[in-house]
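The data blocks that follow each hold one structure.
One chain, subunit A, links the two complexes that follow: it is found with subunit B in the first and with subunit C in the second.
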Partner chain A sequence: MSQIDQNKVLIDWQELSLTDEEFRRARSRYKLRGLIPVMGFLGPFLLLWSVFLAIPMLWSIWLSFNTGGLIDEAKFVGFDNWSRMLSNDELVRSLKNTAIYVVIAILTVFSLALTIAGLLNSNKRGQNFFKVALYFPLLVPPIMAGMIFFFLTHYDMGIINLVLQATNHEKLNFLGDNPNALLTIVSLEVWRGLGFWVLFFLAGLQSIPSDLIDAAKIDGAGSVRRFRKISLPTLRPLLLFAVIIALIFNFQLFDSVQVLTKGGPVLGTTSVVWFIYKRLFAFQDIGLAYATSVGLLIVVVVLTVAAYGFLGKRSEN
Partner chain B sequence: MSLKHPIGIDLEDLARQDALTRRAKSALSYFVLGLFVLISVGPILYVISPAFRESKSLFSYPPQWLPNSFYLGNFKFLLTETNYIRWGINTLIFATSVTLISLVIDTLAGYAFARMNFPGKKLLFGCILATLMVPIAALLAPTYLLVRNLDRWTFGLIGLDTFGGLIIPMTVSPLGVFMMRQFIETLPKGLYEAARIDGASEWRIFTKIVLPLMKPAVVVLGIFVFMQQWANFLWPLVITTKDETRVLTVGIATLQGQFVTNWGVIAAATLMTIAPIIMVFLFFQRWFVQASVAGALKQ
Partner chain C sequence: MKSKNSSRLLLAFLGATALVVAACGSSGESSTTETAAVTADTAVAVDAKPFDGVTLTFGKAPHGEDEKANWEKWLPAFTEKTGIKVELTQVPWDQLEALYTASFASDTPYDVSYQTSTHLTLFGERGAFEDMTPRINGEDFASDLQNFPAGVLGASTYNGKLYGLPFVVGTIAMYANLDMMKSAGVATVPTTEEELVAASKAIMADQKSKGNKDVLGFYTPRTVADYGWYFTLASVHNRGGDFLSADGKTAMMDSKEVKDSAQVAVDMICKDKVQPANGLYNREAAIELFKAGKLAFILDEPSRVKTFKEAALPFAWDIGMPVGYNGKATQFATTGHWAVAAKSKNADAAWEFVKWLSSAEFNATYNQRYAFVPARLDADASGGDEMLARNASWVSVWDGLKTSPKVSQLLDEYAKALEAATSCKTSVDDAFASAQKGATEALAQG
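So, the complex of A and B:
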C-alpha cells in the first residue's frame, strides 16, 4: 500500500503524458519505422510483381487501343481493334475451337479422373504404384508430348496407322482432317492431364469421413449409389474449383497446336493464344492481338477471383 | 454341415456368392486401372523404339516394335550435329535460376503477408490474388516490349536473347507467395510470439524459427516451379532467337522443323530430354505427387 502511495508522489503524470499532437507524430514515426522490415521482406517480390505483372497488365489495356509498336511506333486507333474483333473470322474460329477443346477436354478428363480416383479409393492395394504410373505423362513437357503424339498419330509413320494397316483396316487421318485434328489435340491434353486430376480427386475423396461411407454401406447402398449420393455432393465445392482452374489452364492452349498442326488444317485447330502469337510475331494486324490479349486477361482474372472467392466462402462455412 | 436359415436360404452359399462378386468387381477394377496405366506409360515407352532405329526403317512394313539392332546414330547426330548439349545446359540454367529466385522472394513475401502488419495489407494481397493465374500468354506483347526496352536501362542484363530477359520475368509467381503465406499461417503462433517477446528481430525470427520449419513447403514449391519452367515453351520461344540462350523445348521444336524426315533424331531428342526428369521423379516421387496437387489444392 505504501509503495503505491510513493509512486504517486514520485511520478508526475501530467508532465510525462504526450499532447495529442506529439502522440500522433510518435505514432506515425513508429509506424514508418515498422515499414522498413516489411519492405525488406516484401520489396523484392513487390518490385518484380509491379514491373513484370502489374505494369504489363495496365500497359496491355493501353496497347489494345493501339496498333503497331513492334517494328514501328505504336499508333493510337481508339476502339478500332475492339470493334473489329468479332468480325475477324480467324478470331471467331479460334474462339470456337478453344471453346470446343476446353469443353470436351474437361468433360473427358474429369469423368475419367473421377472414375479412376473412385476405383483407387476403393481398391487400396497397389494404390501407390498406380499413382506413380499415372503421373508419368505429367513429367513430359507439352512440346515433347506433342512429339510423342506425332509418332503415334502421323498418317504414314504413326504406329497406330501402321498397326491399322497391318491388320487390314483403313488408315485414320488424325492430324490432316477436321475435326480429327482438334480431337487429337484434346486427347493429348487428356493424356497429359489425367494423372494430375486423378491425384486431385483422390485427395478429395480421401478427405471424406469414412463413417459417412460406412453408414451408407450398412444401409445397403451400392458403390455407384454411394458415389453419387455421398462422394459427389461432398466433392461438389472442390469440383467447381477444379472446373475453374481447368478452364484457366486449358484456355491457354498453344504448345500442342504449335507442334502438331500449326493451326491447321484450314484453321481447324487455331486457338486463342495461337491467334495472339501469330498476329504478334508474323507482324500482321498487331492491334487485334493486343485487344485479344486483354480479352483473355479479363477472362482469367474474373475466373480467378470467382474461384478463390468461392473457396473463401467455403472455408468460412 | 450347412447353416440353414429358417426361411431356407443357404447362408454359406450367400457368403460365397458375395465374396465371388466382390472378387470379380475388384478384378474388373484392376483391369480398368491397368488399362489406364498402359495408356499413360505406353506412348512414352514407344518412343524408345524409333530412337534406336535408323529413320528409314520407320516406314517398314509390317510395323516394327522393337529395334532389331542397337542403332546409336540418332544420339550421335544429336550430340555432334546439333546444339542439343547447349540447349540442355541452358534449360538447366533457366529452370534452376527461376526456381531459386522465386523461392527466395516468395518465402520472404509469404512471411510478410502471414506474420507482419502494415497499412494496406489486405488491399495489396487482394490485388496480388487477382493476378494469381495470369498467364504469360495474355501478357506476351507488353512483356516482350518491356524486356526489349529494359535492355537499355539494365545495361543488357535484361533484354532479348539474354538470360536475364529469359529468367527474371518468369520469377514472378503470385501463386508461390500465396502457397508460402498459407503454409506459414499453419505454423504454431506461440513460437513466433515467444521469440518476439524475447526481442528477436523479424529477420532473426524468419531465419531461425520460420525457415527451418518450412522445408517441406519449400521443396514442394521448388519442384512445382522447376517442372513448370522445364516445360515452358511460349516465353523462351518469344524471347530467344539464338542457340546461346535457346532452351530444350524450343530447340527440339526447331529440330522438328529442320529434320522433318529424320524422325529417329527427334525421337532420340525427346527420349533424352524426358529420361533425366523421370529418373529424378522415381527418386522423389512422393514430393512430386504432393507438389502437383499442392499447386491447385493448397488453400
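So, the complex of A and C:
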C-alpha cells in the first residue's frame, strides 16, 4: 500500500514539474514581478535624472563636436572646438582666475568656519543667534548680495572707503583694479557661504563623543592640541565631503562676476563659467562653449577624485 | 419628495431659459438682416482688419525706465487700427543675448523684436529672422522706402540680406558744463582732442584754485563692461581707420589708426590725468558726477538731454559733437532695427506691426521721448528742441557700425585691448597685438 502510494506521489511530482520552457517563462515573470516595485520607486528619479542630467550631458558632449545646434542646425566639426579651447588665451586666463579664486575662497571659508564652529561648540551661549546671523547671507539672493558689495566697495560712497578716508588712508579702487577685484569677489562669496559651513562643521564637532575630549583634558591636552589630535581627525570624512562639494560649487563662479565686474578689469575676474556664458550667448560660439563646459566637468571630476584619493586615504588611515 | 419637486422646477426653469435665449438669437439675426447698413459697416470693418484676432509677441530691451508704461499708451492705437494684439516682453539689456537665444531656439520666438547692429546678423545669419528685402521692395512699402538713407540701409545689410528694418540711428554727444568753461576762460566747447585736454586741464586748475579739488575734466567709458568701444571708435574713424577691413575679412586691430586713437585715450588717463582711472566711476556714476557739477565734459547718448532738462541742472550746459581729429569729426554708434522671426506663425501680421513701428509718426513719437535719431528722414523727433535738432543733424557725418555675425566678438577683442591699455599697466602695442590675434582667430573660425 505504501509502495503504491509512494509511486503515486512520484507520478504526481512529475506531473507538477515544469518543462524548461515553462521554467524560463516562470522565472522571467518572477523577476519582472520583483522589478516592478523597484522601478516604481526608482522610475520618477530616473526620469528626472535622465531629462535634467543624463540627456543634457550627452547632448553637451555631442554639441562640443559641432558648430551651431541651438538656433541653427548642428554641423559636425570633429575635435575643432577642443583644439580651439586648448589654445584660447582668455580661457587660460579664466581657468587661472577660477583656480586662484577656488583655492583662496575654500581655504578662507573653511578656516573661518572651523574657527567659528569651534568657538560656538565650546560656548553654548547665544549659539542659536549666531547660527541664524551667520546663515542669513545665504538667504540673500546673489544679485542682492552683489549690490550690497557694490555699495560697500564703491569708490566715493562705499563704507569701506569712507572709513579709510576718515582715518587718513588712501581710498581703494576695489572693483577697477587687480587683484582687488578678484579679492572682493572672494570676500563676497566667503560672506555668503560662511554660515552654511559653520553649521556644517558645528554639526560635525557636536557629534564627537565628549568622553574623548574629556579624556584628553584629563591627560593635560590644551585646546589647540585637542583640536589637532581629536577634532580634526574625527572631522576628516566630513572634511572630504566638504572639499568635494566646495570644489564643485566654487568652480561654477558666475553670479558675483556678472553683477560686480563683468569679468573685468582687464579679464582679472573672468571665470570659466563667465567665459562659457559669453561664448554661448554673446558670440553664439556654441561648439566652443560646450567643449569648455565638458572640459570643466572633466577638471572638476579629476579634482574630486584627487581630493578623495588624498583625503579619503588619510581618513581611512 | 421635496427634492424631486425642486429638480423638476429647476429643469423647467432651464428649459424656459433656453427657449427664451433661442428666441432672442433668432430675433437678433432677423433684425440684422433688416438693417443692411449695419451689415455693410461690419464688412468694411472686417476688410480693414484682416488680422483681427491675431496676437503678436514682441521682445524689446528698454531705452528708459518709463518705456513699458509708454508702450501701454502707444500700442492700443495699433490694435485699434489693425485688430492685432501685441504682447510686450521687456528684455533686460544684461540678459538680452541669453533670453533672445532661448526665444529664437524655441518654436515660439518673439514675432517681432528690437535688434541692434551687434545682434542683428549674429542671430539673423543663424536663421532667427526673415530676410526683409522682398518686403521692403514690395509695393506697399515703396513710398516709405525712399525715406530711408541708403547709408543706413547699407550698414544694416549683410551679404545682400536685411534682417531688420532700421528704426533708430545712434549718436553720441559731448555734454559740457558751460559755467565751468566760462570760469576757466574756455570760450567754446572743444572740437579737437588737443583742445579737449587743454580745456580739461584749465578747468581742473581753475576749480582747484577755488577749493574744488575733486573736479574732473573729462569722462567717457573705456571698459568692456561700459561698452568702451561704443564711445571710442569714432576717434578711429576720424583718423580714416577701422578695426575691420572694408570687406569684413581682415582684422585691423593693430593698425596705426586704431593704436593712435587708443594712445590718446591712454594719455588722458595715465599722462594728462584729466580723466579718472578705469573702475573708479562707471558710466552711471560719471553721469551723476556731471549732474553734481564735478565733471566738465562727458560723452554719452543724446537721451540724456531730456533727463538733464527734467533734472534742471543747476548750471548752464550744452551739447557738442565728440571731438574730431585733423579737421575730421564723425559720429559712430549702432543702429536699432525691427526684426521678424523666421519661425513666426503670423509673419504678415508681424510685418504690419513693423511697418507701423517704422512709420514717421511712431518714430517721431518714440524718439521725442528717447532722443535717438530716426532712421528715416521724414520723421522729426526733435519736438522743437534745438539741442535734439542739432543732434539729428549729425547724421550727415554718421559713420556707424556695419552689422556682421562676428561683430560682437570683434568689438569684444577691441574693448578688451582698450581696457587693458587704459589701465596704464599694458602698452598700447601689446594690448592691440593681443586683440589682433583674438580677432584673426575669430574671423578664421568662419
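Operating definition for what follows: the second predicted complex is superposed on the first by the 265 of 317 C-alpha atoms of A that agree within 3 Å, B and C clash if a C-alpha of one lies under 4 Å from a C-alpha of the other, contacts with A are read in each partner's own complex, and residues count from 1 in each chain.
Heads up, the rule we're going with is that contacts are C-beta pairs under 8 Å (C-beta built on N, C-alpha and C of every residue); 3 or more make two chains touch, one makes a residue touch a chain.
Remember, it's a predicted structure, so these values are computed and weren't measured experimentally.
J.: Using the superposition on chain A described above, determine whether A:L63 touches subunit B (first), subunit C (second), both, or neither.
T.: first
J.: A:D156 contacts which: subunit B (first), subunit C (second), both, neither?
T.: both
J.: Per the contact definition in the header, classify A:D177: touching subunit B only (first), subunit C only (second), both, or neither.
T.: second
J.: Output check: A:K131 vs subunit B and subunit C. Expected answer is one of first, second, both, neither. What do you get?
T.: first
J.: Counting touched residues of subunit A, say whether subunit B or subunit C comes out ahead.
T.: B
J.: Looking at A:D72 after the superposition, I want to know if it touches subunit B, subunit C, both of them or none. Which is it: first, second, both, neither?
T.: After superposition on chain A, A:D72 lies in contact with subunit C alone.
J.: Quick one: is A:F41 in contact with subunit B, with subunit C, with both, or with neither? Answer first, second, both or neither.
T.: After superposition on chain A, A:F41 lies in contact with subunit B alone.
J.: By the touch definition above, which subunit A residues appear in both interfaces, subunit B in one complex and subunit C in the other?
T.: On subunit A, the residues that contact subunit B in one structure and subunit C in the other are 70, 156, 258, 277, 280-281.
J.: With touch defined as at the start, can you tell me which subunit B residues reach subunit A in the complex?
T.: 25-26, 29-30, 32-33, 36-37, 39-41, 43-44, 46-47, 50, 58-59, 61-63, 104-106, 108-109, 111-113, 116-119, 127-135, 137-146, 168-169, 171-172, 174, 177, 201-203, 206, 227, 230-234, 237-238, 249, 252-253, 256, 263, 266-267, 269-270, 273-274, 277-278, 281-282, 285, 288-289, 292-293, 296-297, 299
J.: Touching subunit B in the complex: which residues of subunit A?
T.: 31, 34-35, 37-38, 40-42, 44-46, 48-49, 51-57, 59-60, 63, 69-70, 112, 115-116, 119-120, 122-123, 126, 130-144, 147-152, 156-157, 159, 162-163, 165-166, 191, 194-196, 199-200, 203, 223, 241-242, 245, 248, 252, 254-255, 258-259, 273, 276-277, 280-281, 286, 289-290, 293-294, 296-297, 300-301, 303-305, 308, 311, 315
J.: Okay, in this complex, where on subunit C does subunit A touch?
T.: My answer: residues 94, 97-98, 101, 104-105, 122-123, 126-128, 223-225, 277-281, 285, 405, 408-409, 412, 416, 419-420, 423, 425-426, 434, 437-438, 441-442, 445.
J.: What part of subunit A is in contact with subunit C in the complex they form?
T.: Going through subunit A, the ones touching subunit C are 68, 70-72, 84, 89-90, 154-156, 173, 175-177, 181, 258, 261-267, 277-278, 280-285.
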